[in-house]
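The structure that follows is given in the form of structure tokens.
Which chain is which? They are A, B, C, D, E and F, in the order written, and residues in each are numbered from 1.
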Amino acid sequence: MKRLLITGAAGNLGKILREGLKGYADILRLSDISDMGEAGPNEEVVKCDLSDRAAVIDLVKDCDGIVHLGGISIEAAFDDLLQANFLGTYNVYEAARQNGVKRIMFASSNHAIGFHKRTELLDDKAELRPDSLYGVTKCYGEALASYYYDKFDVETVSVRIGSCFPEPKDRRMLATWMSPRDFISLIKAIFDAAMTGHTVMYGVSPNKSVWWNNDHAAFIGWQPQDSSEAFRADIEAKFPEEDRHDPAVIYQGGGFAARGHFED
Amino acid sequence: MKRLLITGAAGNLGKILREGLKGYADILRLSDISDMGEAGPNEEVVKCDLSDRAAVIDLVKDCDGIVHLGGISIEAAFDDLLQANFLGTYNVYEAARQNGVKRIMFASSNHAIGFHKRTELLDDKAELRPDSLYGVTKCYGEALASYYYDKFDVETVSVRIGSCFPEPKDRRMLATWMSPRDFISLIKAIFDAAMTGHTVMYGVSPNKSVWWNNDHAAFIGWQPQDSSEAFRADIEAKFPEEDRHDPAVIYQGGGFAARGHFED
Amino acid sequence: MKRLLITGAAGNLGKILREGLKGYADILRLSDISDMGEAGPNEEVVKCDLSDRAAVIDLVKDCDGIVHLGGISIEAAFDDLLQANFLGTYNVYEAARQNGVKRIMFASSNHAIGFHKRTELLDDKAELRPDSLYGVTKCYGEALASYYYDKFDVETVSVRIGSCFPEPKDRRMLATWMSPRDFISLIKAIFDAAMTGHTVMYGVSPNKSVWWNNDHAAFIGWQPQDSSEAFRADIEAKFPEEDRHDPAVIYQGGGFAARGHFED
Amino acid sequence: MKRLLITGAAGNLGKILREGLKGYADILRLSDISDMGEAGPNEEVVKCDLSDRAAVIDLVKDCDGIVHLGGISIEAAFDDLLQANFLGTYNVYEAARQNGVKRIMFASSNHAIGFHKRTELLDDKAELRPDSLYGVTKCYGEALASYYYDKFDVETVSVRIGSCFPEPKDRRMLATWMSPRDFISLIKAIFDAAMTGHTVMYGVSPNKSVWWNNDHAAFIGWQPQDSSEAFRADIEAKFPEEDRHDPAVIYQGGGFAARGHFED
Amino acid sequence: MKRLLITGAAGNLGKILREGLKGYADILRLSDISDMGEAGPNEEVVKCDLSDRAAVIDLVKDCDGIVHLGGISIEAAFDDLLQANFLGTYNVYEAARQNGVKRIMFASSNHAIGFHKRTELLDDKAELRPDSLYGVTKCYGEALASYYYDKFDVETVSVRIGSCFPEPKDRRMLATWMSPRDFISLIKAIFDAAMTGHTVMYGVSPNKSVWWNNDHAAFIGWQPQDSSEAFRADIEAKFPEEDRHDPAVIYQGGGFAARGHFED
Amino acid sequence: MKRLLITGAAGNLGKILREGLKGYADILRLSDISDMGEAGPNEEVVKCDLSDRAAVIDLVKDCDGIVHLGGISIEAAFDDLLQANFLGTYNVYEAARQNGVKRIMFASSNHAIGFHKRTELLDDKAELRPDSLYGVTKCYGEALASYYYDKFDVETVSVRIGSCFPEPKDRRMLATWMSPRDFISLIKAIFDAAMTGHTVMYGVSPNKSVWWNNDHAAFIGWQPQDSSEAFRADIEAKFPEEDRHDPAVIYQGGGFAARGHFED
């Protein structure tokens, strides 16, 4: 691949990929609304507000693929999400269509299905049950991706990301954790695949407790290899027992499902 | 029911219900951005732009239920949909939550699943495959409805409406037509039901050719009774043979699936 | 059929069949622990405690089929159910095996699945979710029937009966009502069928609101024809609005699901 | 439709359609290896051995559609089936491809699934379980039809025909009977449909006892209207009780499933 | 966990857990109708007849969890099962409810589904097909567990145990064997889980030949690690060829499915 | 096993098994229409044209099992397939029935389902979608196998073989490759199983990219262990990028799906 664009490159996930994808494409074009530091070798750094359509169309020029992480990644006021996630993601897809980009990795989220109980095993056919306005924006993004594939042949793999950090931070993440290494190999698997159409999958390492099933996406050939088990003792020492009547324990979305309406 | 709000009351569907629901609630509150004429007996007429949140919160006050038809109901520029459908529908749900409204009928659309082929029989578990940006806004609306039920106990029946006109207008509508009479009885069935949670169903009369299955919503007890068959001879005389290689014939969304990107 | 045994013949359902099955078999053998009055023409009346195995083995002699309605049909103390429903039903099956009876209609109950929500459409594959100890005895009876078919070739149709009365008595029964006429035609269809194996089906008339699906049992050819709709106006006048947060409204089992532990 | 070819026109089904489709196409081209009498108005009569490829290619010229009934329709020696059904059906499809025929109705048979039990409800996704070599030829025909659609865009509706006679002839046919009138309306529905791809459905009237489900083909809009019930009393008088241990009663294929290897 | 009760502690499974769960809870309370020897450190030994309700209510006091292995674990006379399994298990659940016990591991059995063929892969949704009266008592126990969770919030994991012995004893056990080590880790996984609701799973090690699928219970995070393969050579040497027409080979329940009615 | 017959023994697969199954049966009887060289120790070599029924009946005498690889294994003219695959396979099954052979491994092919897209995960219930006339002959063979099991108790495992060569030869084979070692262990697992009925499974090694799922056949206990990954670098160096609009890339059947009608 010649040029791969990463939006949201200044964020947590963006930093992981900026480092992890070095050498994967000839050039990594990095974009964010925040500061990303200097461009390193084989990097292009482009500050860009994704809600500015003209700027996004420029940004996407000459790119072969896009890893779309940009936008707000926590619960937020609807009006902020309207700009960053609804409009921003539309602009990215429209720019991809106009520039002939072949494939996008869309950073969807487990919060698109966060109101399912922990005792359920979900696959890509699970009913959408967002646990937050943020989760609603991810349902929207997946629908938009489906549309751009069906009508304009822009392929997407929508990855419902669990919790991608160097280490799991609480008991829930023992189930939802995806290691940075597994995330990096996922991105490579997605862009290496011969064809993907629009595929929905879950971004999670093979932890001991499993809520999500990626069998339907086995054609992609992703083989994650890490597990949260190494961190269990520490986490369990740090956090008291979970209360099975707490919505944050009952529902897959955890705290997102438990909290009330976002107040600015 | 004491007061039922109808948004989009000046539109095609709104007019059908304004007439058809006379006497169903003590008061029909009618709202639109366009002119709705004078209020009749047991009517309240409130001009309102759904993208104005404060206005919508006022509009919803004292209502027991909402038939949310408002917004753009054809393919349109994304920026227009952003205001009318994304923001407008959010405002309606947020107003419902703040005002304690129990149940909403959300006018979703067959265009949320319009990229399925005509040869498929869909039910509520069918994969979302929107055929237009308009269809994407309906996917979003259903996700929002799911969220407001799961978290705030606001019930919704999302009705993927086929084609609701006095008569079917073309060959495709022989399959997608819902008679105004069946639409009216559907609204009554929805608000008469003891509980609905968030239910997705299809708004279509029992025509001869069937693409959609409502068995899962049989608890609602809707018994539509009309059929497009009475209009078949006329329609077939008026319209030439369908070309089975035309996307408008292949896909359930018809012309919406066949047309390209919306250009203002 | 020469001789058809009805257990529980003095009960509500038993009386309906005693009258309705006149002439269907050469002889109706009627059994109950309570008084059943005099034997009419082509009737045999045998008082019998179903928990007395030897008596039951005698009772079943020379019968070609059994309609097993006997036992306790409301929530009760476990110790009473142990005798009447657990032991009683075993005795009936064991007597059937020893006497070579070919087929049994087992009066199961919707309370075997009463903790499913009203918004679900159930078929024979629905998870068992009993709403009462009574419901648990029906789950047991279905399992026993399965066993006697698989191992001893005694066929059973287990009918999860809704509410079989001359008229529906409350709002819930608008959905669960089976008319006596439909019940009678169901029994005939069951014993007329060439083979049944062990089949689970729902005993309900084609009412407007539908919770249960019998498609899998379409081979039996039962065509029920009544509807609770004729009684709706009266029922709705008599009963106030249903509260959708009341367990008796949320769950299919109604009051059985809502009540607590049975206290003698 | 200008010219519709019927193969096997001298057989039972062929005669029903020769009469019933008068006026449906401008010209009915009738073909058989047996004598078909004189051509009537708007008829062309062509004697043809379907195992003669060149002859079949000629036969199909200028046809818009084909109703392929030709071949052996009972159990037979494999070597005879090899010519009549394997080779014959291939020749018809190859001729259709070469002549640009758009759609074929392939007379498949319930004997393609005849080893399913009567107590099962089958749809188009049911496992193939042929009950005879004849049934195996129908599985083959459906596979060939799938291939010609996927690769060459020749559409087929494969109809697993039950028992199409003026009246049901035995107890099994009370379930499998398709009235000639319903068969005729089925053929019209198939050729009237805008698109069909390769669709598998069951050819049966809405009898009381139902083994087969056509919901997935509801897009075709076939509305059969007859029932075997009118003939039940006569049939039941004529035929003794069915033995539920007889393979001819256990399996949907009836006598085909019960008989052993065909001996010439 | 402070105090974990094990019923049936004198049996084969009970002994495995008495040893294997040392140190898992502060105190193991051990109960059986048979002699269990002296209490070791951190053990309480309580002789108890599970059919004595008052005794069971006492037994359960101050326990946080229950591993319910007690009762008859082979085919037996119904009257014995009535006391030990039907009444005994009810008493345990009722005692759990009255004492506020949070979670129970119920020792269900593969004999609840033993009349499925070996060639089928079952999960928790498989139809119940008990192969014995013993198996029927396990179906009952699962239904009771479902009821106590839905109504009284007592959680259960019902484990359909295969064959838990130090080594597999015959050819069938090459598929059904669960090692003691895997059984112990299963119990820990069940009581460590944050929530379980009522979950049905299979107790079997990852042997080469697999009949049962636990994917739906992946949230529990059980990772069994043993295999019967180490014992294959010995077993195959010891046991002659299996006859595929023998019910003990055809059905998953093995000898239970093959034997006739239990005669005392 | 005393005597195992391998048809098609001179072909690629036959050679692998001739070598790999040495010692598995007392005698390997090898058959082909082509030269197979001299019989080695414990081998019988029988030249035989499978379209000659009498010869095949002789060939099968005294065999306990058959590995049926014989026939044409590439796309070919229908008339050639008619003899080699349709007639040849029938002769093998009929000979097995007449000689009381218990089990057959039928070499089906991925080309029986080759018109499914690469992005789908198929199991044995996947719709048949042959990609070639060759693929159609495999659909036929599976149907014939089903028939011979249901009626004559001749068991078959139909293996839809991917690509069995010492090494994968192109990019597609990175997904479809089955190593010779895994093929050999599959054959042993099939003939070692206590019962198989008619089972359909996929012959493929556990490669990184997965299109096929054998969970339903887990009872057979096959544990393949190789992967194409070792060959990836070489293959990717040798072959240019795949074009996702090329039918050979879109469809699982690869080149078979992409090529047109076979012209002799």
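We take it that contacts are C-beta pairs under 8 Å (C-beta built on N, C-alpha and C of every residue); 3 or more make two chains touch, one makes a residue touch a chain.
This structure is a prediction, so every number in the text was calculated from the model and none was measured.
Enquirer: Give me the set of chains touching subunit A intersected with the set touching subunit E.
Expert: Both-contact set = F.
Enquirer: Among the other chains, which touch subunit B and subunit F together?
Expert: A, D
Enquirer: Pick out whichever of the two, A-B or E-F, is joined by more C-beta pairs in contact.
Expert: The comparison resolves to A-B.
Enquirer: At the place where copies subunit D and subunit F touch, is the share of residue numbers found on both sides over half (same) or under half (different)?
Expert: same
Enquirer: If you average the CA atoms of subunit A and of subunit C, how many Å lie between those two points?
Expert: It comes to 52 Å between the two C-alpha centres.
Enquirer: Which whole number of Å gives the spacing of the CA centres of subunit A and subunit F?
Expert: Distance between chain centres, rounded to whole Å: 41 Å.
Enquirer: Measuring centre to centre with CA averages, how many angstrom lie between subunit C and subunit E?
Expert: Comparing mean C-alpha positions, subunit E is 31 Å from subunit C.
Enquirer: Residues touching two or more other chains, restricted to subunit E: which are they?
Expert: In subunit E, nothing touches at least two other chains.
Enquirer: Is the chain-to-chain touch network here best called a line, a ring, a star, complete, or other?
Expert: Graph shape here is other: it fits none of the named patterns.
Enquirer: If we use the touch criterion from the header, which chain pairs count as touching?
Expert: Every touching chain pair, ordered by label, is A-B, A-E, A-F, B-C, B-D, C-D, C-E, D-F, E-F.
Enquirer: Which residues of subunit F touch subunit E in the complex?
Expert: Within the complex, subunit F touches subunit E at residues 102, 155, 193-197, 199, 215-216, 218-221, 223.
Enquirer: Please give the residue numbers of subunit C that touch subunit E in the complex, ascending.
Expert: By the definition above, subunit C touches subunit E via 78, 82, 86-87, 90, 94, 97, 112, 115, 125, 127-133, 135-136, 139-140, 142-144, 146-147, 150-152, 257, 260-261.
Enquirer: Given the complex with subunit D, which residues does subunit B contribute to the contact?
Expert: Within the complex, subunit B contacts subunit D at residues 117-121, 171, 175, 207-211, 213, 242, 244, 249-250.
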